[in-house]
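Next come the structures, one after another.
After this come two complexes, each holding subunit A, first together with subunit B and then together with subunit C.
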Partner chain A sequence: MPTQDLLPLAVAVPLLGAVLLVVAGRRLPRVAIDGLVTALAAADVADLALLWARTGDGRSVAWLGGWRPVHGEGVGIVMVGDRIGIGLALLTAVLILAVVGYSWRYFEQPPTEHPGTFPALILVFEAGMCGFALTGDLFNAFVFFELMGAVAYALTGFRIEDPRPLQGALTFGIVNSLAAYASLLGIGLLYARTGELGFAQIGQHLAHHRVDALLVAAFVLVLTGPLVKAAVAPFHFWLPDAHAVAPTPVCMLLSGVMVELGIYGIARIYWTVFSGPHGIPMACFRDTFVAFGALTAVVGAVMCWQQRHLKRMLAFSTVGHVGLFLIGVALVTPEGVAGTALYVAGHAGVKAALFAVTGVLLDRHGSVDEYGLYGRGRELRLGGVLFTVGGLALAGLPPFGTGLGKAVLEHAALSRFPWLLVVFVGVSALTAGAVLRAAARVFAGAGPRPRERYAGPETTGGGEEPEIRDPSRAVPPPMLAVPAVLLLGALAVGVLPGIGRQLALAARLFTDRAGYVAALYGPAPAPSGASPATGWTAEGVSLGLLSTLLALVVAALAVWGPAVPSGAVHRARETLSATGRRVVLPLRRLHSGHIGDYVSWLAVGLAVLLVVTAAQV
Partner chain B sequence: MSRRLRTCLFLAAAVVLAAFYAAACTGLPHFAGLVHPYGTRAVAAAFRQRTANVISSINFDQRAFDTLGEESILFAAVLGAIVLLRRARDEREAAPAPGRVMPSTRLFGTVMLPITLLTGFYIVAHGQLSPGGGFQGGVILATGLHLAYIAADYRALERIRPLASLDVADALAAGAFAALGFVGIAKGAAYLQNVLPLGTFGQLSSGGLVPVINAAVGVEVGSGIVVLIAHFIDQAVEIESPSTQDGQRPDDASGADGGNR
Partner chain C sequence: MSVFPYLVAGWILLIGLYGMVRSRDAIHTIGCLAVAQSSTYVLLLAVGYRRGGTSPYFSDTPKSTTVVDPVVQALALTDVVVGATVTALLLALAIQLRKRHGTIDPDSLTGLKG
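Moving on, here comes the complex of A and B:
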């Protein structure tokens, strides 16, 4: 089979698989359904792995329906796979396989009269995400963006017996749909001006127009969808509300890859559509989104530290890390892209593993509350080890992939924005510190029993419904094997030098706009310039160790601090928490769960972006 | 945030958005221009493919991959409705009471139902020739069926609505679109390439793959929408929820951090 046919196949295989599951699911026993969906997920992994291998350090281009452009003009849709896009699709497919394995036979999948619906939705979700990662067409990207949205809303609200998931899904659906309308308005503006819908083709035509209000408005509007999907502050409010209530396997996908696809969308659209002559200047893109990224990272980390609901904690940690990813792609250098790609790959494994272990806790104890679970995870020794290792990896402990990605990004940011080092180290330390704090309390019963301190309303995470059929028997083996394998995968991203090298080459290709355009019409020249270094350096290792150490220190202070007899430590702690409360309480109040608030913030974020961008072009 | 603050914040931002969007619209091409770069190319391509309805040529041939995504969204929406509107553990089903219908409504419905279905079939079948197609015709077919609900009652609708088969038809038609793409690959061309004989311009059989995909979409939309509406009506008519008696509002339990409800 020719290489370019593998591109649409990555979308068509899961779609056909979903149909097969819906039609045949009613007549098959649960074991057969799970076997079938595992085989289908594996088939898509194989397709994308083959595509990755065959594409190599180049691009695979597929004109759907054979509508190649004639004399530079065409009517069709193009899919363009380079190793960043294919890699992200491959990461999606691998995570889908992990999720399917995690839910094997045990995870309760209503409705009972329609068995096969849950895995079918998972496969359609995969089709949407792979399509988004591989397409080279703006409108087509929008369609797949909507497809993954439509599935994600349904999957988030999956446990209908509880009003919380429905509220979370509703918030998710409304905020994301409004963002999608904004994107569509932007696409309309670009289409009206250029008569093109392909990324590269729009970019080429924009070069013939001057920079005006239409360009600025289209730039901000088109990016609204990906920005909301990526949960960049102040568009992030929906994420914790949705991720905290979705079923565990779905959380693994939402936090592991879907949010990161938003970051990918921002970077891809900027580079191919807006980075050319008469586009949005690189300095404008860089300064604006580095600032937004830093804001997101800090908000996510601070809120993460405040949570006792474990899933909300992990969700806010995702917000924090997404901020770092946004900074990475906003540096507009190959090094930034390579570092982000490594970081995303490592983070996907780590975060999915952490959610997976939380799912085990949920099933054992019907709770994801750090306080309520105090000491109750003791008998779950392997789970405790995995959760702790996940926390350390989240901090950027070498040689995990998260550590390598963070190190490369820190190096990339150092020359222009040295202050970002504090953001990178602080955000990884604080988010990982929260996870380690919870690990120590839940799995080891360390420190005194946590007291109820926070006066305002908060989400505790108690009284949740278990998700598997019979929580009273032993933990199903896949529920601990899958997180172990995922953590090993995150380790492999940091240890195997081949991955970093290939992503470095891929990043150079990703940032080569002229090459992307040329690849549509024939073989593109190889990109000029050196590919960035993505190996371990002494500086990277020491910063990784520093953030891990800081994470351990803050976790230890939180767990054992109250037990220290009164004195200097105690007083310091009190003053710190008093000042913290003054800053943090208003921030917590902003996360009100009120959809109207979130929509207002969406509008405010857009207005700020418009003004800031217009001021800089 | 208080209601007042939220509204002020939104309105302030909305003014900025409106100003920018209005300014952006001044950069658009003028109304009623004679050429549009894409429109001109798409019409020429549709004629080359002997598809009289240019819209169908764009939907099912030139940009068929978009349409594959769109009909997958409908497919996903149907699956989502099956999942979200299922009968929860604490809900029970009750038989709906027969409704009283005016004789004139009943007569009108009985006459219009077959006519509407026929119109739907016509619109689907002629999608490659005249305005309409699978999406539009499918919606008409689904709407036509629901005349039974208006003209009689829910039990009459249930009798003429084979929900289980429509469920399967929806999935199979969605799959047929994705599968038809492989015809191109099998013939050594691209995925979703229109490799079937194109026929004579203006004939029912013209357009190659276009009428086939169009028919698949017609079946998918028609059955998908019936299933979708069925789940919503079931929820309203047949399923009784206990929580309505408890007086518990869903937003009491929303996941949130701060808040001042």
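Moving on, here comes the complex of A and C:
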């Protein structure tokens, strides 16, 4: 089979599989459905792995239906795969396979009249995400964006008996769809200016026009969709609401790859469409989005620390890390892209594993409340170990992939923005500290029992509907095997030097705009310039150890601090929490769960982005 | 080509946004989302408009006839399909929420906050 046929196949296999599951699901027994969906997910992994191997250090280009451009003009739709895009699609497919394995016995009772609905939706979700990662066309990107969006809303509200998932799904759907329509307005403006819809083609034609208000408006509007999907502050409000209530397997996908696809969208669209002559200047993109990234990272980390609802805590930790990823791609260097790619790959494994273990707790105890679960995870020893290891990996402990990605990004940021080191170390430490704090309380019953009272707005996480009806039986083995494998995967990203090397080459290709354009019409010249270094350095290891140590210290202070009767630790803690309350309480009040508020924030963010961009071009 | 349709598109988007912010009912919010989406139809069709152009079919007309841009019409059509799907899904969620929670007033939906 020719290599370019593998590109559309990566989307077609899960789509056709979903149709098959819906049609045949009524007649098949449960085991056959599970076997079928596993086979389909594995087939897509195989397809993308083959594509990764065959594409090598180049690009695969597929003009759908054979509508190739003639003399540089054409109306065909193109799919372009380079190793960053294919790698992200492969990560999606692997995570889908893990989720299918995890939920093998998870939803014991699917909707009785429609068995096979849940796995079918998962496969459509996969098709949307893979399509978004592999498309080379802006309008197609919008369609795939809406496809994965619509499926994600449905999956979030899958448990329709419980009001909270419905509310989360509704918020998620309204905010994301609004952002998608803003993107479409931007696409319309770009089409009006250039008469093209392909990434590369729009970029080529923009070079013949001047930079004006229309270009700025189109830039901001087009990026609104990916920014909301990536949950960049102040567009992030929907994410904790949706992640806190979605079924656990869905959370693994939302946090693991879907949010990161937003970051990918921002980077891909900027590099291919706007980075050329008469586009948006690199300095403008860099300064604006490094600032947005830092804001997102800090908001995510601070809010993560405040949570007692475990899923909401992990969701805010995703917001924090997405801020770091945005900083990475906003550095507009190959090193930044390579570091982000490594970080995303490691983070996907770690975050999905943490959600998976939380799912076990929900299964056993019908609660994801850190306070309510105090000491109740003791009998779940393996789960406790996995959760703790996940927390350490989240802090960037070498040699996990998260640590390597963080180290490469810190090195990339150091020359221009040295203050970002504080953000990277602080955000990693605080988000991981929250996870370790919860691990110590839930799985070891460490420290005194946490106090129940809190004056401000809060989502507790107690009284959740268990996703499985029979808590008396043993934990199904896949529910602990899958997170263990995912953590091993995150470890492999950091340990195997080949992965870092390949991603460094891929990052050099990703940032080569001229090569991307040339690849559409024939073989592209190899990119010039050295590929960035992505190995472990003494500096990276020490910063990783530092953030891990800080995470352990803040977690220990939170767990055992209240037990210290008096003295310096106690006083320091009291002062900290008093000042913290003054800053944090207003921030927590902003996360009101009110759709109208979230839409206002979206409008405010758009306006700020417009003004800031217009002022810099 | 007049600038008027673009102003209309912008106005529709803003009025939809305003409605969503001020909404006291989830069904109304979803309706306002559909209004905001209509701005994309207006914008796309305005982009493809050619003065004196006819619809882009070439069955019995000479090939030199001025026609409006068929690409944006295809985009608008796709947009309609996407919008209908999303609106239907959101409305279904809202109805289910009303059944389970007894209200769809955003001010009373306080299960998720902080």
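Here are a few things to note about the model shown:
Following the convention adopted for this analysis, the second predicted complex is superposed on the first by the 612 of 617 C-alpha atoms of A that agree within 3 Å, B and C clash if a C-alpha of one lies under 4 Å from a C-alpha of the other, contacts with A are read in each partner's own complex, and residues count from 1 in each chain.
Criterion: contacts are C-beta pairs under 8 Å (C-beta built on N, C-alpha and C of every residue); 3 or more make two chains touch, one makes a residue touch a chain.
If you're wondering where the values come from, they're calculated on a predicted model, not measured in any experiment.
With both structures placed on the common chain, the touch criterion links A:Leu121 to subunit B but leaves subunit C unconnected. Judged by the touch definition given at the top, the superposed model places A:Val23 against subunit B, while subunit C stays out of reach. Judged by the touch definition given at the top, the superposed model places A:Ser177 against subunit C, while subunit B stays out of reach. Of the two partner chains placed by the overlay, only subunit B lies in contact with A:Gly76; subunit C stays clear of it. More residues of subunit A lie in contact with B than with the other chain of the pair subunit B and subunit C. Of the two partner chains placed by superposition, only subunit B is touched by A:Pro8; subunit C is not.
In the superposition on chain A, contact of A:Thr38 is made with neither subunit B nor subunit C.
In the superposition on chain A, contact is made by A:Ser600 with both subunit B and subunit C. Shared contact residues on subunit A (touching subunit B in one structure, subunit C in the other): 75, 139, 143, 146, 150, 153-154, 157, 160-164, 166-169, 171, 185, 189, 191-192, 197, 240-241, 244-245, 306, 456-459, 588, 591-594, 596, 599-600, 603. Against subunit B, the residues of subunit A that register as touching in their complex are 1, 4-5, 8-9, 11-12, 15-16, 18-20, 22-23, 62-67, 73-77, 110-111, 113-114, 117-118, 120-121, 124, 127-128, 131, 139-140, 143-144, 146-147, 150-151, 153-154, 157-158, 160-164, 166-169, 171, 185, 189, 191-197, 212-218, 220, 240-241, 244-245, 303, 306, 309, 312, 456-459, 585, 588-594, 596-597, 599-601, 603-604, 606-607, 610-611, 614.
Only residues 1, 3, 6-7, 9-10, 12-14, 16-17, 20-21, 23-29, 36-39, 41-42, 45, 58, 61-66, 68-70, 72-73, 75-77, 79-84, 86-90, 167-168, 171-172, 174-175, 178-179, 181-182, 184-185, 189-194, 248, 250-261 of subunit B touch subunit A when the two sit together in their complex.
Of all the residues in subunit C, the ones that touch subunit A in their complex are 9, 13, 17, 20-23, 26, 29-30, 33, 36-37, 39-40, 43-44, 47, 71-72, 75, 78-79, 82-83, 85-86, 89-90, 93-94, 96-97, 100-101, 106-107, 109-114.
Interface of subunit A with subunit C (complex): residues 75, 139, 143, 146, 149-150, 153-154, 157, 160-164, 166-171, 173-174, 177-178, 180-182, 184-185, 187-189, 191-192, 197, 240-241, 244-245, 306-307, 456-459, 588, 591-596, 599-600, 603.
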